[in-house]
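Just passing along the structure, written as C-alpha cells.
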Amino acid sequence: MNPKPLKVAVIGGGSSYTPELIEGFIKNYEQFPLQELYLVDIEAGREKLQIVGELARRMIENAGVPIRLHLTLDRREAISGASFVLTQIRVGGLDARAVDERIPLQYGCIGQETTGAGGFAKAIRTIPVILDICKEMEELAPEAFLINFTNPAGIITEAVLKHSSIRTIGLCNLPIHTKMQIAQLAETDPANVDMEMVGINHLNWTRNIRINGVDRTEDIVRMFDNASGLSVKNIPDYKWGDGFLASLGMIPCSYLRYYYLKDKMLKEQQEALKVKGTRADAVKKVEAELFELYKDPELKVKPAQLEQRGGAYYSEAAVDLITSIYNNARNIQVVNVRNNGVIPCLGEDVSVEVRCIISSEGATPMMLSGGPLPAEIRGLIQVVKAYEELTVEAGVNGDYGSALQALAIHPLVGGSSLAKAVLDQILAENKPYLPQFFK
Amino acid sequence: MNPKPLKVAVIGGGSSYTPELIEGFIKNYEQFPLQELYLVDIEAGREKLQIVGELARRMIENAGVPIRLHLTLDRREAISGASFVLTQIRVGGLDARAVDERIPLQYGCIGQETTGAGGFAKAIRTIPVILDICKEMEELAPEAFLINFTNPAGIITEAVLKHSSIRTIGLCNLPIHTKMQIAQLAETDPANVDMEMVGINHLNWTRNIRINGVDRTEDIVRMFDNASGLSVKNIPDYKWGDGFLASLGMIPCSYLRYYYLKDKMLKEQQEALKVKGTRADAVKKVEAELFELYKDPELKVKPAQLEQRGGAYYSEAAVDLITSIYNNARNIQVVNVRNNGVIPCLGEDVSVEVRCIISSEGATPMMLSGGPLPAEIRGLIQVVKAYEELTVEAGVNGDYGSALQALAIHPLVGGSSLAKAVLDQILAENKPYLPQFFK
Amino acid sequence: MNPKPLKVAVIGGGSSYTPELIEGFIKNYEQFPLQELYLVDIEAGREKLQIVGELARRMIENAGVPIRLHLTLDRREAISGASFVLTQIRVGGLDARAVDERIPLQYGCIGQETTGAGGFAKAIRTIPVILDICKEMEELAPEAFLINFTNPAGIITEAVLKHSSIRTIGLCNLPIHTKMQIAQLAETDPANVDMEMVGINHLNWTRNIRINGVDRTEDIVRMFDNASGLSVKNIPDYKWGDGFLASLGMIPCSYLRYYYLKDKMLKEQQEALKVKGTRADAVKKVEAELFELYKDPELKVKPAQLEQRGGAYYSEAAVDLITSIYNNARNIQVVNVRNNGVIPCLGEDVSVEVRCIISSEGATPMMLSGGPLPAEIRGLIQVVKAYEELTVEAGVNGDYGSALQALAIHPLVGGSSLAKAVLDQILAENKPYLPQFFK
Amino acid sequence: MNPKPLKVAVIGGGSSYTPELIEGFIKNYEQFPLQELYLVDIEAGREKLQIVGELARRMIENAGVPIRLHLTLDRREAISGASFVLTQIRVGGLDARAVDERIPLQYGCIGQETTGAGGFAKAIRTIPVILDICKEMEELAPEAFLINFTNPAGIITEAVLKHSSIRTIGLCNLPIHTKMQIAQLAETDPANVDMEMVGINHLNWTRNIRINGVDRTEDIVRMFDNASGLSVKNIPDYKWGDGFLASLGMIPCSYLRYYYLKDKMLKEQQEALKVKGTRADAVKKVEAELFELYKDPELKVKPAQLEQRGGAYYSEAAVDLITSIYNNARNIQVVNVRNNGVIPCLGEDVSVEVRCIISSEGATPMMLSGGPLPAEIRGLIQVVKAYEELTVEAGVNGDYGSALQALAIHPLVGGSSLAKAVLDQILAENKPYLPQFFK
C-alpha cells in the first residue's frame, strides 16, 4: 500500500481479548507484514496492559515474526502514523457494565449491555472518548482506518461517521458467527456459504442463503427454528416459536430474542440477577482467571480458555478485515458502514450492517440482492435506528431532551414516564463518564 | 361539476351518527345542492335504518330543502351514479367491538378499537367489505369519491388505495378536534389557527402552530402539557409527563397516550373492564338511548344528546370535505391520502394523514413545511406503518403469516408468542367475518 | 403580522418597471397597508431613480394612500427592518444584456438573456450582487422575505437558497401569463382556471388543466397547438409542430421554443441580429422613451405604454405574492422555491417552479397531483438543472472548471470545445462584473 | 450448479464473432464444463451459420474438449433447458445498419448504430425479437440467464427487465476495454486496476482509478487527455480539449465523443459518407473476407484477422461472465442491470451499467464508492436515459408519440420538427422489421 512502516494501534490494548488479536496478526503475517504494533491503554489499565503485553511479546517471539511490539499509555504516540487504529475500549470497565445491566431491570426493562437502556448508557459513555480518539487521528493519522469493535458498535460507528472525517468501519462477530452456524447446519465449509445479512448492528436478519451457490433459505430457516445451540454465548437459546421463522423467511440474529421473546427474556434476566448477579459480574470472574493465566511466563500462545470468554471470532474478523483492506482483496464481509442508500428506508447518513466489498477503498456496500426490506423487519429496524440517531445526538451534545426521546421510543423501554425514570438514574450513576451532560 | 343529478350514498346509513350528516347536508345545501341522498344498510340494520331514516326525513322536511331521501338495503342501487359514497360501517356491530376491546386485555395488551390488536381485528373484518363496495363503485360509479370514516381509517384507506382504482379519501375527526383545542387554548377562532399535522391516522403529531400567522408553537405546546380536558372523549386525559412535550416540541394526538403512557393506560383499561365492561358496552347503552330518542315523531332536528356520543365533528368534517371538492374550494384540510413521497421515510403507496389542498381534483397533499419527520416521531410512525402494511396484506389475502408478523412488531403487542396467542383468539372469535382466512 | 411599521425595499428601484409595482401597492393598499417604501439603486442609476421616483411620488399622492416613499442609494438603510425586499436588478445594465445576446450567436448558439450561454453570463454577474444583498439582510432584516424577479430567476433563487439563510421566493410572470392565455382560450375568467405547472424557471410545462373544476387538458392543449399569439412578447410565436403537443399532452412554456425549435429560432435570431441588432438594443429604445414619458410632471398614473414593454404581470405577481404572505392567505401561486422532494428526480436543495400555498409561512409546495414527471419532460429538466447547479457553483466560487462543464452540457450550447470558446469570451467581456473569477 | 447437462444457446450463432466465443468456451472449459452448445440462427443466416458452425466444430475437435455442438434454425430447441442464452443478433443485418447510419446524417445529425437516431432505429427493430426470445425462455428455460450483447445493449436490457421475468445481464466490451487502456497507460497488468465505471451503456465515465490499491485518478485522467489511440476501434480518436478531462476528473467512454465533440464528429461522418460510405459498408467487406477465411477446412483456430473486426473482448467478457456465475465466483465485473437505486437520480426500473459482484445470484451491484453522480455527468445521463425509457416504450408498444418525444429530447437529435422528419423516414425504411408500428 505504501512505503512507510506498517503500523497498527490497538486502543484498549490491555483487554483480555488481546491475545486473540495477536494470534491473528501472527497467523496473517505473510499477507499483512505488520511492523509496528502499539498496545495502548489508560492509567487505570496499566497493570492489565503489562500482563497481556508480556504475553503478547512471548507469543510474537515464539512465532518468530518480526513484529515490533510497544506497550504505552501515550495514545498520541500510538496513533501517530498508524495505518489502522483498532478500538476495543470499555469506558467505565466492567463495573459500569454491571450498572448498565442492573438499572433497566429495576424498572422492568431488559438489561443488556448493547441494546435497550443498558446499551444507551454504554453509548453515551463511549461517544466522547471515541470522538477524542478521532480528533487525534485527524491530526496524527488522517489516512488511517478506524476499526471499531466497541459496543454498541452501530451507534459508535454512526457517531464517528457523523462527527469526524476519519474513515471508519464498525465490526461485530455476529455475521461470522451466523455464517459458521449455517455452515454447521448445512454440514459444509463456511467458505461455501453465501447469505445476505441486512439491518443494523445487533438487529439484523439473514436471508438469501446459498450453499455452494444453490438457494437453501427455506430449508436452513426451518432448521434454525428447531435446532438448539444456535444463539451466541451470552444470550439464552430460547426457541423462536412455532412457525414464526418460517413465516418470516429469515433468520433473526440472537439479539432479536430480546425483542421477539421480550417477556421470557426479561423473566430470565430478573431471576438470574437474583441468583448470580449481572452478566458483568460473571465476566469479571472469567477475566480475573484469564489474567492469572496470562501471567504464566511459560504461556506463549493464546490459551484455550479465552475462547470460552464469549467474543468468539472477533479478532479473526478484525484481522481478516484489515488484511483484506491492505491487500485490496475485493472480498465480501458484513460490516458497519454509512448507509448511503443501501437500505433506502433509512437515512443516508446512518450506520447500517450489510455486505460490503473490502478493498483498498475500505468497505463498499453491495446492493441488497433480496430487494428492499420487507415490512416484517423494516419497522423494527427503523424505530431502533431512530433511537440510535437520538442517542448519537444525546451522546455528542449531552442533550437531555434527545436522551429522553431516545428511550421513550425504544421498543425495550418505551413511554415517557418510564424513559424519564430510567434516564435520570443512568445519568446519576454514570456522572463521572458523562462530561457532555454535566457541563 | 357536472349536469347529472348530485347524488350521495351513505353506506351504513342506519348509524346513530346519521343525523349529524343530515344536519351537515342541510346546513351546506346552498354550496352543495344535494339532490339524491341514499341511506343504505344491511339486513341486520334494517330497523335502525328505518328509525334513523324517518328522523332524517323529518329533518329534511323541517329544513325545507329539496333533498330526495332514499332508504334501501340495495347497495348497488345506492351507489349507482353517485358522486360521493360515504362509508360509516361497523362490520360485526358493537358486539364485535366489545370482543376487539376484550381479547388484547386478556393478554396484557391495550384493548382499543382502532389501534393495537383490537384495531387489527376491526381492520381484517372491514377490509373485505370495503373492497366489495369498491368493486361495485368501479362498475357503477367509477368517477365517484369514496369518503371513508370507518376505523381504522388509515388502514382501510390504504387497502382501497392499493387494491382499487376508486379515488378515496380517509377522514378522521382528530385534525379538526385538535384545531378546536388549539383555538380554545389560544382564545381565538379556529379559522385563525394554522398547524401542520403529520403522521398517519391516530398516530400523528401537530407542529408549526401559527395563530393569525404568527408562530406560537412553543407556547401552545407548553399549554398542552399542563392543560386538562384536551383528550378526545374516549381516551383518558392523562398528562404527558414533566417536560416531555416541551422536549418533543409537538403535540401528540390523544391516541398516542396508548404508546407514551402504555402502562398507565393499560392499568386503567384493566380496571375499567372489571368495573364497567368494555367501552363498546357503554356505547351500546348510549346508542339504545339515542334510537329511543330518534323514534320520537316530534323530533325534527339533530338531538343535542348525539354530541355526547363521542365522534364530534365527524359529520362536519365529512360534509365540509365533499362540499369543498364539489366547489373546487382549494382550501386546506387534514385527511388520509396516498403518501406519494410527502413523508419520504414511508413507502410511496401507503396512506398518510397530512394537510391537503381540497379541490375538484380531490386531496392534493402539501409538502411538509416543517421539514422531514424528526427521529423523535419518525421511528414510531414507521413501525406502526409497517404493522399497517402487513395488516392490509393479511386483510386482503387472509395470510396467517402476515397477520402474525403484523402483531409481532406492533408496539402495543409485540413478540412472537404473544402475537400468536392473540391472533389465534381473534381469528377464532371473528370467524364469521373473516372469509379470507377461512377459505 | 407584527407591530413594527410595514416596510418594503425595492432594490433596483430605478427600473422602468417600478411604476407597475407602485400601481400594485396602491391597488392593494387596503390588504397590504404599506407604510415605508424604499426605492434603492446604485450610483449609475441615480438619474433613473430620480425620474421614476418622482413619478412614483406623484402616483402615490394622486391615489391618496399614506405610503411614505424614500429614494436612496444607501442599500443598508433601505433593507434595515424591512419585511420584504424585492430585487429587480440588472447587473451591467442593458449593455451587458446586449453582450449576452450577441456572444452565443457568434458561435452558432441561441443568444438569449435568461437561457443558454446568455443566461449563464447574466447569472454569474448577478450572483455575487444578490449574495451581498443577502448578507446585508442577514444582518439588518433577517426575518424578511427576499422576493427576487431578477433573471435567470431559477438560478438566482437557487444561489440564495444554497448560500444564505434568508427566506427567498423567486418570481416569474410566466405562470400568470399562461393562466391568462388558458383563460382566454377557454373564454373564462382566470380565477376559474386550475392548472399544474411543473419544472424549473423558464423550462416548465402546464398540465392537468381544469376549467371550473372540470378537466379540459386535452382540449386546451390542442387549442395551443393551433392558436397564434400565445407566446410571451419577446419570443417568436412559432408553431410547435404537427401533433407534437398532442403527443406530449402538456403545454410547454414559451421559452421551450428555444429547445424544441432550436434551428428555427437560431435562424430568426441570426437574421434579426443583422437587421435590427439584439433585443437589448430594442429595449434600450423603449426604455429611453418610457423615461421621457415618466419625466412629465403631469403624469400621475402608470402610463399605458409600459405594458408594451414586455414584462407584463410581473408587478401584479409580486404584489399579489407579498400581500398573500402578509395576510396568511393560503392561496395557490406558482413560484420558485427549494425542491425538498416535490420533484423527486431533482436534488433536494435545488430551486423548482411549482404550485405553492402562500401563507405567513411563505411558499409551501403542493405535491404534484399529476404524478412524477414523465420521461418526455424529465430528462430536459434534469440536464438543464445540472447546468444550473454548475452555474451556481461557478457563480459563487468563480470556478472555471464548473463554468466549462456547465456550458458543455447545456442543450443550447453543448460540447467541450464550443463551451470553452464561448466561456472564454464571456469572461473576457464581463470582466468588471466577475470579481469571483478574477481574484 | 445443477445435475442437468450444462447447455448454452447462442442466438445469432451465425455471426462472424462466433469463433471468439468458441475460443472462450474452449479456454474456460475446465471452469465451465460446457456439454451442449447450440448455435441458432434464422433462415436468412443459414449459410453463415453453416460456415461458422463448421469452423467451430473444427476448433472444438482440435482443442479436444467434449463440447457437443449443434447447429439449428429451431430456436425453441436451442433454448429448451439451457442454463445460459446468449444473444448476438442483428435484426435486418448490415443493410439495416447502413440505413441507421445514413438517415440521421441526411438531417445533419450524428449517424451511429448504437446512439442517437441510428441506435433508436436499431432498438425498435430489436425489441420485438428479443421479447419473443424471452417469451420462449419463460416457457422453456425459465431459470436461465439471458446474456445480451446486442446493441444498443442498455435499451435492450431495459426492455427485457421491464417486460419479462427472465433474469438478464447486458454486456458491453467498453468496460474491459477501458480497463485494458488504463493498464497500458499505467504500465501494469489489468488485474491490478480498480476503477469505478458509472452511467449507462455507451454513456459512462470512469473514476476512482486505483493501481495496486493506490488512487491514481488524477494522473491517469491527465494521461487520457493527452494520449492517442485510446478510442475504441470504430470511433475517431479526437482529443477531448485542453484541460476538459482535468476539470471533469473522470474518463469519458469513447462514445461520449459524439456528445462532447459533436460538431467535429458530425463533420467527419459526413465526409466519410461521401468518400467511403457508412461504417456498415466497411464492415460488410470485412465480414465477407472473414467468411472466406472461415471456409478454409484447414483453419482450426480463431483467425487473427477477427481481432481487427472491432468488437474486441466481447466474447472474453461473455465467457468470463457466465463462468463466474456458474462458479459463484463473487468477482467484480461492469455489466448492465436493473438500477434498483444504485444511481439514485435514475428510476428504479431502468438499466444502468455499473460494477457488480458476479455470483450464482447473477449480478449484484456495488454501491457507488465515489458517491452520487456529480452534476457534470448527471444531467447527460438523465436526459439520455429519458430518451431510452421512451424508446423502450415505443419499441414495445409501437407508440408513435413516445417515439417522437424520444427523438425530440435526444441530445444528438433534438427538437420537434427534426425529430418528426427523422422518425418518419426511419419508420418508412424499416417497415418490415416494425410490426408493432404497423399493426
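Note that the chains take the letters A, B, C and D in the order they are written out, and that residue 1 is the start of every chain.
Quick note on the criterion: a residue touches a chain if its C-beta (ideal position, glycine included) is under 8 Å from a C-beta of that chain, and two chains touch if they have at least 3 such contacts.
Everything numeric here is computed off the predicted structure, so don't read it as measured data.
Visitor: Let me check something: if the centre of a chain is the mean of its CA atoms, which chain is farthest from chain D?
Guide: Here the answer is chain B, farthest from chain D.
Visitor: Need the CA-centroid distance for the pair chain B / chain D, whole Å please.
Guide: One centre to the other, that is 55 Å.
Visitor: Based only on mean CA positions, could you tell me how far chain C sits from chain D in angstrom?
Guide: Centres of chain C and chain D (C-alpha means) sit 45 Å apart.
Visitor: By residue number and range, which residues of chain C touch two or more other chains?
Guide: Counting only residues that touch two or more other chains, chain C contributes none.
Visitor: If two chains touch, include that pair; go through all of them.
Guide: A-B, A-D, B-C, C-D
Visitor: In their shared complex, at which residues does chain D touch chain C?
Guide: Against chain C, the touching part of chain D is residues 240-244, 246-248, 259-264, 345, 347, 375-376, 378-380, 382-387, 389-390, 393, 400-402, 404-405, 408-409, 411, 414-418, 420.
Visitor: Write out the stretch or stretches of chain D touching chain A in their complex.
Guide: Touch residues, chain D against chain A: 1-2, 194, 208, 210, 212-214, 327-328, 330-332, 340-342, 344, 357, 359-361, 364-367, 369, 371.
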